[in-house]
Amino acid sequence: MNAHSSELAVATPAGGPGAHPGTHPGAGDGADEELRAELRAVARDLLATAAGKDGGDDAQVDWALLAEAGWLGLEVPDGLDGAGVTVAETAVVCEELGRAAARAPYLGTTVLGAGALLALETTDGRDELLRALATGAPRLAVALPTGDAPLGAAGVPGTVPFRLAGSGAAARLTGRAEFVPDAAEAETLLLLALDEGGEPVVVRAVPGQPGLEVTATPVLDVSRSVGAVAAVGAPVEAGSVWRFRGDGRAGGRLLLARGALAVACDSLGAAEAMLAATVGYASVRHQFGRPIGSFQAVKHGCADMLVSVSVGRGLVTEATRALAAASSAHAAGGAGGIEEAAVIAVEVAVSRAKSYMCAAAVDVAGKAMQLHGGIGYTWESGVHRYLKRAALSRALFGSPAAHRARLARRLDADAAGRAR
Amino acid sequence: MNAHSSELAVATPAGGPGAHPGTHPGAGDGADEELRAELRAVARDLLATAAGKDGGDDAQVDWALLAEAGWLGLEVPDGLDGAGVTVAETAVVCEELGRAAARAPYLGTTVLGAGALLALETTDGRDELLRALATGAPRLAVALPTGDAPLGAAGVPGTVPFRLAGSGAAARLTGRAEFVPDAAEAETLLLLALDEGGEPVVVRAVPGQPGLEVTATPVLDVSRSVGAVAAVGAPVEAGSVWRFRGDGRAGGRLLLARGALAVACDSLGAAEAMLAATVGYASVRHQFGRPIGSFQAVKHGCADMLVSVSVGRGLVTEATRALAAASSAHAAGGAGGIEEAAVIAVEVAVSRAKSYMCAAAVDVAGKAMQLHGGIGYTWESGVHRYLKRAALSRALFGSPAAHRARLARRLDADAAGRAR
Amino acid sequence: MSVPRGDLAELRATVRGWCRAHVPADWRRAQTGVGGDEFVAFQQAWFQELRRAGYAVPHWPAEWGGGMSAAEQMVLYQELAAADAPRLVLAFVSIHHAAATLLTAGTDEQRRRHLPGILDGEIWVQGFSEPEAGSDLASLRTTARRDRRAGGDVFVVNGQKLWASGAAHADWCLLLARSDPAAPKRRGISYLLMDMRSPGLDVRPIRNALGDSHFCEIFLNDVEIPAENLVGPENAGWQVAQATLSAERGMTMLELAERLGNVGLRSLVDTCRRPDVTGRRPIDDTLVADRLAGFDTEIAGLRALCRDLVERHDAGTVGPADASVVKVYYSELLQRMTGFGAEIAGLGALAELAKPASSGWESGRWLLDFIGSWEWTIPGGTNEIQRTIIGERGLGLPREP
Amino acid sequence: MSVPRGDLAELRATVRGWCRAHVPADWRRAQTGVGGDEFVAFQQAWFQELRRAGYAVPHWPAEWGGGMSAAEQMVLYQELAAADAPRLVLAFVSIHHAAATLLTAGTDEQRRRHLPGILDGEIWVQGFSEPEAGSDLASLRTTARRDRRAGGDVFVVNGQKLWASGAAHADWCLLLARSDPAAPKRRGISYLLMDMRSPGLDVRPIRNALGDSHFCEIFLNDVEIPAENLVGPENAGWQVAQATLSAERGMTMLELAERLGNVGLRSLVDTCRRPDVTGRRPIDDTLVADRLAGFDTEIAGLRALCRDLVERHDAGTVGPADASVVKVYYSELLQRMTGFGAEIAGLGALAELAKPASSGWESGRWLLDFIGSWEWTIPGGTNEIQRTIIGERGLGLPREP
């Protein structure tokens, strides 16, 4: 099955990004949609099997399997042995990982790792890493600010977690990032830092190198791995300071948007899984001589879950399109980078998707627990795994309130623009 | 019936305020509770008849009837021909007026008018007015700030609507108050003003006097009357500037609390009426071959209404007790006035009751409209009257958000006190 | 969506230009508080204005004066909403339900008789609901007795209809009546076209919660309707109604979503940017800002839902509860938004006594809008009924026993 | 409430002083993450501490070691909550359900046998729910066959019980079992006292959403219970259970409300006053402040509801749905509050892996508390069931057909 699924997943689509300039990538294009549907079907199948395999609590997905399936290098260009597709396909995998509540270092290695590398200026080191990534070696983690801070009015640069002092062989790195996805398992770290000129750059580092400490942070959501990365005057290896294409701030902002979108996709998948499980349970569980799903209290509760999942899916789709369009533009723009308006469009769409979907997923998982009755409260039912996963996703890369605060500033600015 | 009800209502209770020092007036005292139950029964009866009498939209209650029933002078002391009971009895009338969505100038004349006069130092003019009030002449209105402003961190004095310049015969009044309850019908106005020393005082004025303008403000809630009172250098008649007993600020704050509590009581009555109407309708209206109240969607909706009405009733009762206790203390304290802690206790209890009950009443009336189906949306059903009345009550004397903001400042201050 | 995107951009520019030239300046102020006649005159004039541009019935087949693709209609409605054009309120039933009924189930003769009339401004009303048949529409009791003896072939109709919006101004009525009392309740109903000038008809306006009277009762006392006005087979009226009720293919919801997202959200933001008596702007309060951002987000979600609904209709993949999902979400979002507007506007909202006629459901007179929002959560199957539809038809949950 | 207020003030001072002297310092930290044995030991020690003060079973009759009036109990629980004393968790069923059953429906012999045992620390468990009988408790299937031949008069019990909280530590079980399979479902159930050391019993812990295992399954395989352990008449067990389930007369809800209003609200306010990484205190954000004030208000409302419930019990005027109103409100307020705490605590909440044993439902480990809150919205009749009870018994709405 793995060989088969791999084949399906990495088949280059008829129209990759850039093939239809001016269209919304991910929108309405028949060939793209077909590809994603196949990818989704394969992923769902594979994850259901993989997550069920060891019967453990954490539903760990085999690392080699992810590489074989071709999911690690989805966005890596053809020329670097990747599938050369867009973030829309990555989003499908994120959603399916959420649906299975699967444990896999996909967020660190692919969503953020590949995402960061793809946004950088081409260098041998960066290309080498991208090429390796598609085959599953090494695992990556990207140390970004993962809380609310970068969404504040001050914007990204003030909250970049690391600082570079000196340059060349004398360069030293200091800073700290918490709740970094997949940090503890990563073999290579990419650290978002400000260089001496205040420009965001990415610094490659290796766990265990002098001055650098990586610590796992155990969390209630055992299906995820997060950790803290701390550097205290850590020497930086030659050729390990990489620059974004174009404006580093824009690159950093898009990278944060990727993280937020990825957890929104995860929450969408998780919420859909909880809705499906609840509908299934309510159809078979009988009390008072009838299936509980025939009672309006349960039926209408499920209806509400469907409504919010439908709305969330729309928002996640829009955000994915916006990010895919901006990423294509970023890739196509070369050194010129990307326009501010495009970055804002991504941030608006992502803030909507993240704030709505990640809050909705907690509500849906909670409702699922309620409508499952006592069974839903058992460890065995697994509902708690989704509730905890949704809770982590809600907090990671900006709380709903922080994203809404950013949206509100935009609404105010837009209104001021209209009034002028 | 009027004579009978009047007799019941003004019967002096076994234990008026002050009779049980140290107890919560309005709480658990058998005689008091019996009196209030009788008052409530009579009021409900009388208002149902009065409001139904003219069949008009505004359910105007005959002014003479209110006087005859003895409701106008409830809190006026025995010695001044009143019933000498507490604000707990006034609260019962307010609740029943809300239940009937009746139009009556009770808020202006009795709740605020008598309330303001009772908080003042004894003067002949004040006593004369109180004595007249119990018999229904003249109608009063009290011009207070009716919006959110006085709940702000700055507190009351900064938001007192009128200013006195000069004193004695040279005294001139300037200022403006909006949405003043029953202003347009009032024959005597009591204006909250700051004197030249910055102390809150009450100024008596008469509509139509030079420099003073009273304008009715038509509102969607036709069961209420509000108006604007504006003064521009209006000469003040001799003996018309009255001082609060004790600290004027405390007197002003308690007066605002009375207003807020009165509309909370009104909202409680309105919400109970809407719940009762909905339960009644759902029990008789059939669709799909069964009473709609047998469907869980309707049944559980009604259950939620009951829960919030029950919670609101508890909060309104607590606030009434707190205000009754503080008012007794204020009355008993003579010139010494009242302790800051007691005023704060009133404000906390009133802010809770006002913010919860007035928001809940809008929700309950809205739910009533929904569960009545198309009928609920007709003018004839009268549900809209309650919705509009609840909306006005919610905004009058401070929005729920403004009251909660005041509560939050208190929570923060209390926590700071604990930490010390 | 087969229209190339380039053409859509051109259409968008054209409509935008047309709106600049034709949307009456300051119509909101002028239409605030107007009476019924003035409202009707304004609506009719605006309808003809749109008709001249080819924008009145874009969803009709080209042969009857329409011919826009779904993608083109989306652009049209987006631009009309963005320009805050007046809404077509009076013609709603005519151009949607009546036209859909005629196009789907009518005879050629019926179409030729009525579609041009609609374009010329004939107003239709829907005569479905009855006092005892609200959410449970199929239990309607108005009778239609076929009588072939009386100098012709007619249905003699008796009964009472309720919630007939616009009946006071209507020329024709889409009437559901029970023609076979013995049949199961969904099998004995016929669908008739009734001339509102027929003898035996009595229309009485019902005052609603806002004080308006667009809803009416229609009393039917031996009203004779020629048998040629039967739509579809006798006793198959329920099926005709079901097939045509959703014939607007999601486009009216899309238009409403666009209205909410344009003038609706803009007015709400403006309300929150206006300094209060203390000089503070509500939007600077994070509590208010958070709600505004929430509405912005929900509207984006609603628009996505509506576009998706239209596209599914177009692709033939629409699900049996998709429209219910949109209706529940739109109506409750409208209620939350207008309710919030009423809260922010505070006491001032109470003093706004009239809203502009021909405006949408979010006129910026927030308390009136809030009360009006129940006109969305109740009619056309209450939201309670919609949730049951979503649960049973959308999710396959078991029916009540 | 017949106790003079002066005496209550004195009691309040006494309890306050006692708490200062006896509530273990820093017990929360010490009890965080402890194992089952340590938890049991701590609970038993605290129970005996309270017993020595006369505070363990204040609601029992004086002759059995209690004797406080409702007003006095209110003061006691208010002060224990204010002092953040550990809660009696393990003894809950013993001192409430078991005692109420024995006092209301037990024989003198049963009372003499068990009430002193409870005071000495005997632990009881409730054996009501079954896999197929959750909300629909009356459909339980565990059988109790009376057998007078086997060397004595016994009930032979077979079946399976679920959600038996604390069964792993229990000495005795309150068991409902079907003794007449032919009777209507509420008429064929008997109420038995079962020794947990009986042969044929198998207790298996069930891991819950928090990873704890206080809930257990109990498998019953030909377990023999002497007929003298029958409570009330044979086949009248349902009635006994109904009569004793609410015998705590609102006092446990009052205690929970006091806990929520003391340590619960205080911890939430503290969480919101702690500066975040940027140095801002969440409470300075009006969005947060508004929610806190809302919780403060709701808690005040809950406390009023609970006091009212206790007073109605005392006055004999309690309504048939009053307890359901309190349960729905408390449980959902708890869920909202803990959910909000989890949101404010953000990523940090995920890293709190254990909460103090013997604490309340609002330990300040907000995400764990949030998940634990379903232990209030589900058991004892889900909140959906409670709303039906409120609608039907509280408001008199018609039952489902």
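To keep things simple, chains are lettered A, B, C and D as they appear, and every chain counts its residues starting from 1.
In this text, a residue touches a chain if its C-beta (ideal position, glycine included) is under 8 Å from a C-beta of that chain, and two chains touch if they have at least 3 such contacts.
Treat the numbers as computed from the prediction; the structure is a model and nothing was measured.
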Q | Most distant chain from chain D, judged by the mean position of its C-alpha atoms | A | C
Q. Counting C-beta pairs in contact, which comes out ahead: B-C or B-D?
A. B-D
(Q) Suppose each chain is reduced to the average of its Cα coordinates; what separation in Å results between chain A and chain C? (A) 41
**Q.** Separation of chain B from chain C, taking each centre as the mean of its C-alpha atoms, in whole Å
**A.** 42
Q: Just give me the whole-number Å value for how far the CA centre of chain A lies from that of chain B.
A: 55
Q: Give the residues of chain D that touch two or more other chains, as numbers and ranges in rising order.
A: 286-287, 290, 384, 387-388
Q | In chain B, residues with contacts to at least two other chains | A | 295-298, 300, 401
Q) Where on chain B is chain A touching in the complex? A) 295-297, 300
Q. Where on chain A does chain C make contact in their complex?
A. 22-23, 28, 275, 279, 282-283, 290-291, 293-296, 298-300, 302-304, 306-307, 310-312, 314-315, 317-318, 349, 351-352, 355-356, 401, 403-409, 411-412, 415, 418
(Q) Taking the touch rule as given, give the residues of chain D at its contact with chain B in the complex, in rising order. (A) 1, 5, 265-266, 269-270, 273, 283, 286, 289-290, 292-294, 296-298, 300-305, 308, 311, 321, 325, 328-329, 384, 386-388, 390-392, 394-401
Q | Residue ranges of chain B in contact with chain C within the complex | A | 146-149, 152, 178-179, 217-221, 286-288, 295, 297-298, 362, 366, 369-370, 373-374, 376-380, 383-384, 387-388, 391-392, 394-396, 399-401
Q | chain C to chain D touching residues, read off their complex | A | 285-287, 290
